Amino acid sequence: MTAPETPLAPELAVSEWFNTPVPLTLAGLRGRPVFLHSFQLLCPGCVAQALPQVQRIERVFAHTDLQVIGIHTVFEHHAAMSPVTLRAFLHEYRLKSPVGVDKAAEGSDIPVTMQRFGLRGTPSSVLIGRDGTILHQAFGVEDDIAVGARIAMALSAPVAGDDACADGRCAAPMPPVVEP
Amino acid sequence: MTAPETPLAPELAVSEWFNTPVPLTLAGLRGRPVFLHSFQLLCPGCVAQALPQVQRIERVFAHTDLQVIGIHTVFEHHAAMSPVTLRAFLHEYRLKSPVGVDKAAEGSDIPVTMQRFGLRGTPSSVLIGRDGTILHQAFGVEDDIAVGARIAMALSAPVAGDDACADGRCAAPMPPVVEP
Amino acid sequence: MTAPETPLAPELAVSEWFNTPVPLTLAGLRGRPVFLHSFQLLCPGCVAQALPQVQRIERVFAHTDLQVIGIHTVFEHHAAMSPVTLRAFLHEYRLKSPVGVDKAAEGSDIPVTMQRFGLRGTPSSVLIGRDGTILHQAFGVEDDIAVGARIAMALSAPVAGDDACADGRCAAPMPPVVEP
Amino acid sequence: MTAPETPLAPELAVSEWFNTPVPLTLAGLRGRPVFLHSFQLLCPGCVAQALPQVQRIERVFAHTDLQVIGIHTVFEHHAAMSPVTLRAFLHEYRLKSPVGVDKAAEGSDIPVTMQRFGLRGTPSSVLIGRDGTILHQAFGVEDDIAVGARIAMALSAPVAGDDACADGRCAAPMPPVVEP
């Protein structure tokens, strides 16, 4: 039994979910890697670059246990980016994976999840490992090749603390299957 | 005195203007060519292709008397694309030329200007000549080279019925100056 | 009778032609606008940007009397860009309009046509009017909209010194027809 | 001792190398993953898509032990794509990693390495594992995310048959370091 070297990712704070029948929590997803992407629907870089990349990630890793989650982290023009507008946006841009509305914070324009992760703006992304720790966090859109490599490594990693190496033998993690 | 061979473009019906100190009318712009572009802020093709083209048009023809006008022709998701959201959208996407909100029509989702021009959807564009007639109308985004050529021809044309050929002599229209 | 304000474009010097049954000369093309583009087959900017633009120009102005001419102005790596390699290059890149090999100059790496026009490198382009004068010359690739506008103006211009304004009346130049 | 489940990749047959002081062999690279890319300098898809992807791969995996190798597999227009032209091409396109000229085959337009790997055309790519087996082979350019994921998995894999699990304990493979 060892103490974790890396702190766990903070929990999501979401006031409304789209594209999922039940609310999601990072605690409930422990054991699966999570690609968390933060966006605003009126952010040009999110619309032109980050969200198309998210859709490529979903397509390439469709047959793995990666969970993709979007967080609508509105920190400006709040009245202009209400959940009503978000719903139509998700429909028009054909975004199918779960999206949560980041919970408004009292006395601040920066919503709660955005504060907890210390996100500097949109678009941002956070890759969370099977063990719940943050493997990588970025502000802006990164190279597809590097993103694909990091997600593959997250998928390959054994769950920390599970039975991978119990009883004197080590079970290999299931290798991810990557489809073109 | 001759009857016009081509009908005049119908007048705009706008409930709210952005990026202009005074309301615009096509009648008031007679004598200048007008590039009218119709869009919705949640229309992916408008955001990714048509509006960047509009900005290239503005840059290339900045030193001519071409007037660029946007019409926000919302025909679906009306609550999601209110003027409040449009204002933030114009700010975030750095759109500087005049944009009018197409006037809602009673008993129809299709707003008034969109009906008058018979626009089939967004993005659409209408090129209006110095004489107020429609020179070209398109649904979707056309090739930059063809768009540039049509606008240049519209700029080169003399105003029908003006003094270009009076007093037994013909004045050449001011040639447009095109900057890179 | 007036002296020309602008000097005529210099004549082409070509050692071998492709994609044309007969050699071309600017003198022989007088009365038609000419879009002359200078390239090298191992020039990355030519291959990635300029030649695709040339193909868009050909498509948009296919029904006008614009003549597009390519000049292979090799000024470095001469052994690597021989006519044998050029022939295969034109085939693989589906270039259909006439291309001439710029004539080698004695005692210089810069070929003759390139010297005559004072081209600074590749890609370059020269727009020549119906009257044989240079309307515009550029090093590098310019905005499609501006290129389309300039070509349309060249097509609209009457031939200097022709019968456009003879016998006390002025014939309008045939307006160019621009297809999408 | 177990029989290999996957056959080893065939050896390269190269008549001339660029960008490397010594000839390379797959046998000599055993223990390192190899990204082998096959191209022709007059192949439009190679120039526009595959080679830029190769350069992104080199940048992202610069700090790993991945070896990138290009093979110039000329199977048409042989006279047009000689090593003289290839040398200038590599210079102009700033390709820095090793490139071998695929050895001409007697009595066939298809060169030897291309035949051995059964490549269907250009561009093609082959990902070879640390153990020398072919992990993935593709005709055409694939999604950057999938390519990045596959290379990361190849980097993560332990060398088959080495001491990873000797002496009753298993050494983890060095995790790849991926830079943006």
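We just call them A, B, C and D in the order they show up, numbering each chain from 1.
Everything below uses one rule, namely that contacts are C-beta pairs under 8 Å (C-beta built on N, C-alpha and C of every residue); 3 or more make two chains touch, one makes a residue touch a chain.
The structure presented is a predicted model; accordingly, all values stated were derived computationally and were not measured.
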Check your understanding: Quick one: which chains contact subunit B and subunit C both?
Key -> none
**Study point:** Intercentroid distance (Cα basis), subunit B paired with subunit A, Å
**Key:** 41
Point to revise | Geometric centre distance via CA averages, subunit D-subunit B, whole Å | key: 53
Study note, to complete from the structure: When centres are defined as mean Cα positions, the distance from subunit A to subunit D in whole Å is 33
Exercise for review: Quick one: which residues in subunit D touch 2 or more of the other chains?
Suggested key: none
Review point. Can you name every pair of chains that touch?
Key: A-B, A-D, B-C, C-D
**Study point:** Residues of subunit B that touch subunit A when the two form their complex
**Key:** 42-44, 47-48, 77, 79-81, 84-85, 87-89, 91-93
**Study point:** subunit B-touching residues of subunit C, taken from the complex the two chains share
**Key:** 53, 56-57, 59-61, 138, 142-153, 156, 170, 175-176, 178-180
